[in-house]
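Two complexes come next, and they have one chain in common, subunit A, joined by subunit B in the first and subunit C in the second.
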Partner chain A sequence: MSNEIRFALYSVKKNIQSSAELRTSFLMNVVGMAINNTAFILLWIYFIKSFGIIGGWTSAEVVALQGFLALAYGVVFCLAQGIRKIPDYVASGAFDRFMLSPKNLLLRVATSSFGASAVGDVVFGVACLIIYGFLIQASLMQILLIVLVVILATLIFLATVIAIFSTSFLWVDSNAVTNGFFELFLTPALFHGGAFQGLTRFIFIFIIPSLLIGTIPVEIVRYLSFDKLALLAGLTIFWLLVSVKLFFKAVRRYESSNFMTFGN
Partner chain B sequence: MKEIRLANKIITKLVKDHVHYPDRLIADTFSMLARCGVLLVLYWYVFRLNGGVVNGVTFVVTAWSIFFYFSFSTLRLRDVSRSIMHDVQTGSVEVLFNKPISYLLYRFWWQIGFGLYSFLVVTIFGVLILYFLIGVPESMTLTLFLPTYLVTLIGASFLSLILYGIVGLLAFWIEDVNPVFWMVDKAVMILGGSYLAVALFPKFLYQAALYSPFGASLFVTHTVYDSWQSNWYILLAWQFFWIVFLGTVMHFLFVRAQKKVSINGG
Partner chain C sequence: MEQLINIKNLTKKFNFPVKNTSKNWLKNLVRPDTKEVVAVDNISFSVNKGERIAFIGPNGAGKSTTIKMLTGIIFPTSGSIDILGFDPTEDRKKLAYQIGTVFGQRSQLLPNLPITDSLEFFGVMYDLSDQQIKKRSQELIEIFELSSFIDQPVRKLSLGQRMRAEVAVSLIHQPKIILLDEPTIGLDVVAKKSLRDLLMKVNKEDGVTIFLTSHDVGDIESLCDRTIIIDNGQIIKDLATRDLAQTFIFEKYIDLVSDNKFTNFFQLPKGLRYTTKAPNQITVVVDLQQISVKEAIKKLLDIFDVSDIDVYDADMETVIRYIYERDKASQ
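Showing the complex of A and B:
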């Protein structure tokens, strides 16, 4: 196991070095993504100005929501952007090279690519959470909770992304379909969390775990809600187990040598 | 005549392709559900909390405005910038330049054909679902609505292609146009009235939505408001101005971009 992790870290290091070669492009991606994310904060702040405080959510919670999301998204796609490329690998037959590798398949695929713009998300996420800490004058307990829920939110984001892109093996135009699923998961997470009530809240926690990567973490920190923390931890373990199992089950459907025209 | 035949061929081929492979439609339907569907449920809830009217606008008007934004986005015209960047980065732009067709027109028609099927299906079903679920605002029952909607839809398509085409052409000068694309895209998203309907904008943002090319590229979202009846011709004039102005800018950029091309050989 330690060998596998060492290899994954080495792969990530090489990916970063490779991206940093094109320095201007790398920096533009980082800064561009940070500016891009600011748009969502502006939108929801104007939303609050128009509709008032909903579900106890103020502008500070919106900042925290974007912080948690950006950080989870950034960390996952910094270290494991390869998962998002599974549809391309499958469609082009490039998945063969991972199958033939003696390393852990999931780890090998995940660390095969690096998203430079995801570094911008990480920077933006950290900045948002620091600002949030100042806005609510966070106590030591809240700071510790922020760190803990960032880890849980990142893990659940990773698990969901693995589950979504594992379905690449089931579709013809898997790129379009998996990206559709991914949007169905990610987009509601970007919305004002206080407006999710009743059935919508249930659906986006237990069926599609969108609220677990932003809204629930915000509410855990804001209200020191240990019930919700336990729920988040439980669902994180559940999604991790399901996604890894789903990935290895779905891989069995992969037909190698897609472009060798064997048999036809 | 030749250009019209080319456009017709490209669009027809792509629509047929998408009819045969419905995965793209499935993806667009999920995307529409995730973005527009969930957003409208949230808006329904917050309007109910606020007594049904906010800033003098009802939920029905807001819902249709937001729906028009997202149905227009299924055309995927913004992807033209990434297609151009891809052509430049892979070198296939050299091959396309050597063909007896206009490169930009080819890209534009291709982009329209790529999203047209999803746009038509999602829009028709979306309109029916919204009509039966929430009804239509009075502004949409006026005879003025449909013709002006169609005119501004065509104008919005041209302006979007030009706007994102300019972003794509920057690929001749910079390695990666994605950061520029994100900024333009977010300006369009905010000023076009995506997650926050135009009628709910503060004054300065509303002015920016009216007089900037980013807002003008999505004037379809304005067609459901009562104010559209009195100022539709002013907004269409603005949209036309931006098409001419940015079209000229794109033309000059394209002429300069052609001079930047270096043949790699091989």
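Showing the complex of A and C:
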């Protein structure tokens, strides 16, 4: 196990070194994503100021929602961007090199690529949550909850993307299909909690776990809701188990193709 | 002789959707017909320690599919594989510690970083200590003569340099077998020879078993002591490379040289045909199933005024082309 972790961390380090070799694109990606996220949040704040509070959500909650989302997205695609590349790896046959590795296949694939632009998301996410903490004058309990739900939201985001991109082995046009699934999962997560009620809320919690990344974490911190915390923890474990199982089952369907590819 | 690879009744079938023109587009979309292709069809063979095997065949014969099943990249439809005592479908990780792989069309190197980083990367992946990585990297840099371009990012290397680096990296963990899929593809003659010499060296000095697929006759002739020919997923020949030409000789070549220039190229008797018609040399192919060499020489000497004559076998490329074409014609 220690060798697996050692290699995974080493792999991330090498990915960062490799990305940093292409300095201009690295910096463009990081700065570009931070600017992009800032523009998005300003749009929401302007929207709320214009139309007032929706479903009890103020600008502070919107900032928190974007913070949780950006942090989960950023951490996952920063350290484990390889998961998002599974459709490309499968279509090109580049997945072969992971099958030849003596390491845990999922960990090896996940850490095979570093998302420079996701660094911008991490920075933006941290900034949002710090601002949120000041806006609500967070208590110590709320600060601890923020840290805990960031971990849970990141894990459930990771589990969901593993599940989504693992289906690459099942489709001929895996890129289009998995990106469609990913949009279906991510887009509802971008809207604040007041937007989904009743059946849609149920669907986006229990069937497509979009609201578990941002909306539910905000509600946990805002209302100090330990019931929802337990629900989030339970669903995180469930999705982690399902996604890992799905990945290793789907890999057996891999049919290597013969396009020319490069390493790592 | 210790057996390292033992394959029994190995089969791989692929299924893919095909458009049925008699169905409408919706039926084709929702319930497409599928077509089954048998890429590898019930093959069996074994490989002994230290052998150098050429696994050859025309495009689409099943070479790469077999090598991918041997390494655990894809799963067989049926049959069994025992490689170094492991079943690649169950023990993929354990097997990976014991084998090295090189895919000519697929680089394993880190494109933006120098070769030393790739050597280190693979060393860490195979759980070598820092000291072991340093020592082994130095050995490989010397053996494969990488030092002149060791600091260049991989993406800036020539194809020949890159392939040497690929093989070096695949040997970092001192594997018992190295499997190579078209390692000399795209290389110039000098780079090809250099790579073959290096592979021969690791086979002779370290006892590494070599299993390679190639379309290059030079790889087979100069490197491999045994040749397995596969076509349409089936093994059609498994024999010592030196016996390959002898087994399949159905043609001989005769060079005729004249002090006076050849001016008339007469119609040749049955069983003979020209391959070269030049003023100073004629080359004729003798179809041994129609005419003997003795008879052919007699008839040619009756026709031409010759000062020198040379009789020789078909080269390896011709032999292999003959085998492929014969197999295609028999279908």
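We take it that the second predicted complex is superposed on the first by the 255 of 264 C-alpha atoms of A that agree within 3 Å, B and C clash if a C-alpha of one lies under 4 Å from a C-alpha of the other, contacts with A are read in each partner's own complex, and residues count from 1 in each chain.
Basically, a residue touches a chain if its C-beta (ideal position, glycine included) is under 8 Å from a C-beta of that chain, and two chains touch if they have at least 3 such contacts.
The structure presented is a predicted model; accordingly, all values stated were derived computationally and were not measured.
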Where does A:17 make contact in the superposed view: on subunit B (first), on subunit C (second), on both, or on neither?
-> second
Is the number of subunit A residues in contact higher for subunit B or for subunit C?
-> B
Kindly classify A:96 by the partners it touches after superposition: subunit B alone (first), subunit C alone (second), both, or neither?
-> second
Touch check for A:35: first (subunit B), second (subunit C), both, or neither?
-> first
Is A:172 in contact with subunit B, with subunit C, with both, or with neither (first, second, both, neither)?
-> both
Figure out whether A:183 sits in contact with subunit B (first) or subunit C (second), or with both, or with neither.
-> first
Touch check for A:43: first (subunit B), second (subunit C), both, or neither?
-> first
Subunit B and subunit C footprints on subunit A, overlapping residues = 22, 172
Within the complex, subunit A is touched by subunit C residues 14, 16-17, 64, 68, 71-75, 92-94, 96-97, 101, 103, 105-113, 117-118, 121, 124-127, 153-155
Complex contacts: residues of subunit A adjacent to subunit B = 22, 24-25, 28-29, 31-33, 35-36, 39, 42-44, 46-47, 49-52, 54, 117, 171-174, 176-177, 179-181, 183-188, 191-192, 195-197, 200, 204
Please give the residue numbers of subunit A that touch subunit C in the complex, ascending.
-> 3, 6-7, 10-11, 14, 17-19, 21-22, 93-94, 96-97, 99-104, 172, 252, 254-256, 258-264
Sites on subunit B touched by subunit A in the complex = 21, 23-24, 26-31, 33-35, 38-39, 41-42, 45-46, 49-50, 54-55, 174-176, 178-180, 182-183, 185-186, 189-190, 194-196, 200-202, 205
